[in-house]
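Dropping the structures in below, format is structure tokens.
In what comes next, chain A is part of two complexes: it sits with chain B in the first one and with chain C in the second one.
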Partner chain A sequence: MRLSPAGRVLDWFEARLNLTELFSFLTSFGLFIVELDTRKPIREALPEALKRPIPSYARWPRVLGILTLLIFLFQVSSGLLLAFYYRPATPGAYESVRTIVRDVSLGWFIHQMHFWGSSALILILLARILRHYFDGLYRAPRELLWVLSFLLFIAATHADFSGRILTWESTTYWSTTRALELFSLLPFVGTAFAFLVGGSNIGDAALTRFYFIHIVFLPLALLALFYLHFLVVRRVGLSPAPGEAAQQGILAYKRYLLNLLIVLVLVFGLLVTLSVLFPLPFDKKADVLTTPAGALPPWYLLPAFGFVTLTPHFIPNPIKGTIVLLTLVAVTLLPFLDRPAAQSPTGRLGRLVAGLFFLLLLIGLGLYGYSHA
Partner chain B sequence: MAEERLPVPVPRRGFLDLLSKIFLSLWGFGFIGVIYAYLRPQHRQVLLDETFRAGSLSALRVGDAFITQHQSGPVLIVRTGDRDVIAFSALCTHMRCILHWAGDTRTILCPCHGGVFDWNGNVLSGPPPRPLQRYSVEIRNEDIFVRMA
Partner chain C sequence: MRSGPPAWSKAIRLAFRLLAPPLLVPVLLCADDTGRCGVCHGDVRVLFEAGIHHKEQISCVSCHGGDEGSDDLRAAHGGEPSAPARRKIPELCASCHSDIGKMKVYNLPTDQYALYQSSQHGIMLARGNTDVAVCTDCHGVHDIYPRSDPRSSVYRSNIPKTCARCHSDPALIKKYHWASDPYREFAGSVHGRALLEQGDLGVPDCSRCHGVHGAAPPGVGDVAKVCGQCHGAAREYFELSPHRSAMAAAGEPECASCHSNHSTQPAGDVLLGTSCKGCHGAGDPAMKVAREIHDELTDTRRQVDRASGLIADAEAVPLNVDDYRARLEEARSYLTESLPAVHSFSLAQVRAITVRSRSICEEIIREVQEKLDGLRWRKYGLVIFWFYLILTLVILTRFKRGLGAAVEKEETGQK
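Up next is the complex of A and B:
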């Protein structure tokens, strides 16, 4: 059998390293949705995997998953670009960001894109969780998918949170201070956070620690979560849209990649539009000794903030903190708390009502927190 | 694959294909352009023809030298006589290592590849391809002023 030169190169490598395993790893972030048989050479494993029927992929609302990953990768690249000029030290951090947004050509653009990308990541992760909830997709065999989605959401909010302080502007500095006040109410987590901040208030030590957490720890954690997430997707299959379970077909990969490209362009179009039309204003340098009135924590913390301010004062703060923490744990463990009876039509209605109620409660608390800061 | 066969080639489809490819490449080029513009070394205004005070004459003995940092690079300043001071760029013309003054032999040495210059900036030995760039010096009262040009 005569092989083409490319085939011979492939065979040379195949004899020395497991190409199927490599391909499987590199595409395990949403590029290739089917599990591969890593014991077979790639030339056999790939056509075999391509023949397996799966629901067509790039279709609303399933694009949300791949979208989060694309935005995450975008955040990594724009963050790397920002790191070229950023200096994590207290005299110097604000000045270096000012250099980026004022002096470096298109620096403002990279900065805005990074900011809007972060908000988009959190919002899309949230939309995805809501979609999984209302479609009842957190049940077996997708429990892990739910838990990992929620952990991704938590990690993404932390990434946003740790990034805000880095600019050392007045608004973001005091916004972080207000938010840390919330964290300090939580049992255990509060002390852990004091540990992270590296002191009793936000200073040089906090900046260095937040910088490290922001550029090394959280990106790695997010990457690991994304990886685990897609491994689960590969095993349990794509989440079906309602009434879609019967439609199985062979995936046309070329079309899938094309769809992915379209989604990518749309998202970047949106991010560019937001960055140009609604730029986040660049504030004056944070004065550590003067707290401006009306500093608000980041928007995703507003419901918890509203809850703490709304509940009566005689309830000790650690109890309030525990309630917030237990809510988060309960949401994470939802697949294990929900009874299977919820599959019945009345159960579905119950889920819908409970979900909407919880959502409205969060929005209400958030609005309360926004107006009573 | 059972593709529907079209009796005639459809030019419109090819045209749309081309359009979308152009559209996508524009995005690609746009992003590369943004990254290039952002990462390219930012030109700070280097003030040529600028005269700056390098130090005071009394702090420097005859036959001694020091290096001072200027916006456009390090400057080596040597006092060769009572009121004679010379100034060079302290960057070796070979690989841009920082030169130093050897007072005993009255030469300028490069620690990296053993280049040797005399006190007029000419190459005595070693790999440097060109003599050193020299700056004009002016003594006003007891201060040394170097003119970067």
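Up next is the complex of A and C:
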């Protein structure tokens, strides 16, 4: 059998490197859904995997997962561009951000896209968690998916949170201070954050540490979580929709990619539009001695903020913090706490009511926190 | 059997004899410092020792006479009455303070007594009126501090209260038929608020206008000179104005005619409409000039505010407008410079300065507006971006539809 030049190059590499393993790793961030037999050469393993029946990918919510990864990659690349000009030190941080948004050509655009991208990432992760909950997709064998999704959400909010302080503007500085006041109520977590701040207020030490966490620690953590997440997806398969016939591999897979591309283009268009039409205003430099009125923590912390402000003062703060922390732990471990009865039709209704109630409670607390800064 | 006092009684007596002399030493030392006067006049001694005269080794007898070393009441007082007579006080103080030899080392002036004699206070004292202020009324009696000391009653910001002790005393106001309470008026004035509330020592206290030791109210014709000490530019323009000779002829106290004397309010454009009415009728051409100057200043201020607002808008974007900030300060300076020119009451004189401020503002407004208008290209870019985005979506959807057809074909083929 005569091989094409490309085939010969492939064979040359195959003799020296497990190409199937490499392909499996690179596509395991959500691009290739089916598990590959890494003992076989790629020329055999790939067509074999493509022949396997997989559910139709036409329904949109299934692209949410891969979309979060793509937005994350977009955040990494725009963040890298910003890092070319950014200086993480207290005399200089604000000025360098001002240079980016004012003097560098299209710097404002990258800055705004990075901001809106971060919010989009959190929102889409939130949408995924809600979808998993209301479709009951957290049950066996997808418990790990739920836990990892929720950890991804937590990590993404931390990435957003640690990025806010870096601009050293008055609003972001005091918003972070408010949030840290909230964190200080949480047992264990509060102590960790107190160490990170490294003083009685946010200063040079905190800025350097937040910068490191923002550009090294959290991106690596997110990447690891994404990897684990899609490994689980490969093993347990995509969630089936009721009454949906499994389709043959390759064509359905192309449709999946196309759907992904369409949603990606739309989300990118939305981000660009938001960045141009609703740019985040650039505030004056933060002054440690002047607290502006009405400083609020970031929006995703508003429910917790509302809870702490709403509950009576005679309840000691550590108890409030413990309640918040226990809620977070309970949500993370939901698949293991849910009773099997929930699978019956009445149980499904119960889940729906409980979910809606919890969601409305969060929104209500958030609105209360927003109006009681 | 033993007789006589017990042993413990002897021991106490011995101890007392041994300890008494060292215990007396501090008492004697203190007595040495201000003579023996303080032994009886303890309260006065406390006051005196805090003051400057004590620090400069002036003793009680320097003013009161007598013998400070004597324990005998009559000898100590020297047969003189204890306090100097009120009429004699200026003379007494002058015995040192007009002595060039004595004052040279302190670099103090020696003309205060001569000035005092020329003042209203001094003239009336010479006529035998002891209601007037003598040295001790303003400087204090025993607790005299240098005027640079904030405790001193003649420290800059304490002077109004010191003068007010007599000049705002209702009994004295009634007795001498004074027209008003100057302290109350001054405290509410722009000068008073700056001095008394903000502690600004650059503004005038009473003595800056009325003189220190030669205190007298400035007469008509001299008011502009007094105010002109600080408001030099305003005075220069005033001297050139038609008001100069007209007010002198009418016996009007120049600056005070419009600005009042003690209750001077912050000068503003509003005075240009209101204060003129006292002399000028409604149809007077002078009122037209006042209105024109008023409008000119209002217009200029509006331009400066507009330029400032645009710069703030641009900075919020943010755009780099640092250069325009500097230009705006220049425009503000010209506006400030044009305010004293109002006293010339010539529109041409005022306009010569405001035109510079306005032209700078126009330049700022034009150029910053251009920069802000440039932002709309971002929105044009967005429209172009969406055009290509929709094009991409159309292509992708068509491709997807084609793919759907292929699936169906394959499915039918399989069947």
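Definition applied: the second predicted complex is superposed on the first by the 357 of 373 C-alpha atoms of A that agree within 3 Å, B and C clash if a C-alpha of one lies under 4 Å from a C-alpha of the other, contacts with A are read in each partner's own complex, and residues count from 1 in each chain.
In this section, a contact is a pair of C-beta atoms (placed from the backbone, for glycine too) under 8 Å apart; a residue touches a chain by one contact, two chains touch by 3 or more.
What you are looking at is a predicted structure, and each value in this text was computed from that prediction instead of being measured.
J.: Should A:L81 be classified as contacting the first partner (chain B), the second (chain C), both, or neither?
T.: After superposition on chain A, A:L81 lies in contact with chain B alone.
J.: Once the structures are superposed on A, label A:R255 by its partner contacts, choosing first (chain B), second (chain C), both or neither.
T.: A:R255 sits against chain C, while chain B stays out of touch.
J.: Could you tell me if A:F282 is touching chain B, chain C, both of them or neither one (first, second, both, neither)?
T.: In the superposed model, A:F282 contacts chain C only, not chain B.
J.: Looking at the overlay, does A:T273 come into contact with chain B only (first), chain C only (second), both, or neither?
T.: second
J.: With the two structures laid over each other on chain A, which partner does A:L362 touch: chain B (first), chain C (second), both, or neither?
T.: A:L362 sits against neither chain B nor chain C.
J.: Who contacts more of chain A, chain B or chain C?
T.: Counting contacted residues of chain A, the larger count belongs to C.
J.: Of the partners chain B and chain C, which touch A:V265 in the superposed model: first, second, both, neither?
T.: Both: A:V265 reaches chain B and chain C.
J.: Please indicate which partner A:D103 is in contact with in the superposed arrangement: first for chain B, second for chain C, both, or neither.
T.: Once the two structures are laid over each other on A, A:D103 reaches both partners.
J.: Can you list the residues of chain A that touch chain B in one structure and chain C in the other?
T.: In the superposed arrangement, which is not itself an observed complex, chain A uses residues 103, 261, 265, 268 for both chain B and chain C.
J.: Which residues of chain A touch chain B once you look at their complex with the stated criterion?
T.: Contacts found on chain A: 81, 84, 103-107, 109-110, 261, 265, 268.
J.: Provide the residue numbers of chain C that touch chain A in the complex, in ascending order.
T.: Of all residues in chain C, those touching chain A are 316-320, 378-379, 381-382, 385-386, 389, 392-393, 396-397, 399-400, 403-404, 406-407, 410.
J.: Contact residues on chain A for chain C in the complex?
T.: Answer in residue numbers: 98, 101-103, 247-248, 251-252, 254-255, 258-259, 261-262, 265-266, 268-269, 272-273, 276-277, 281-282.
J.: Per the contact definition, I'd like the list of chain B residues that touch chain A in the complex.
T.: Chain B residues touching chain A: 23-24, 27, 34-35, 37-40, 42.
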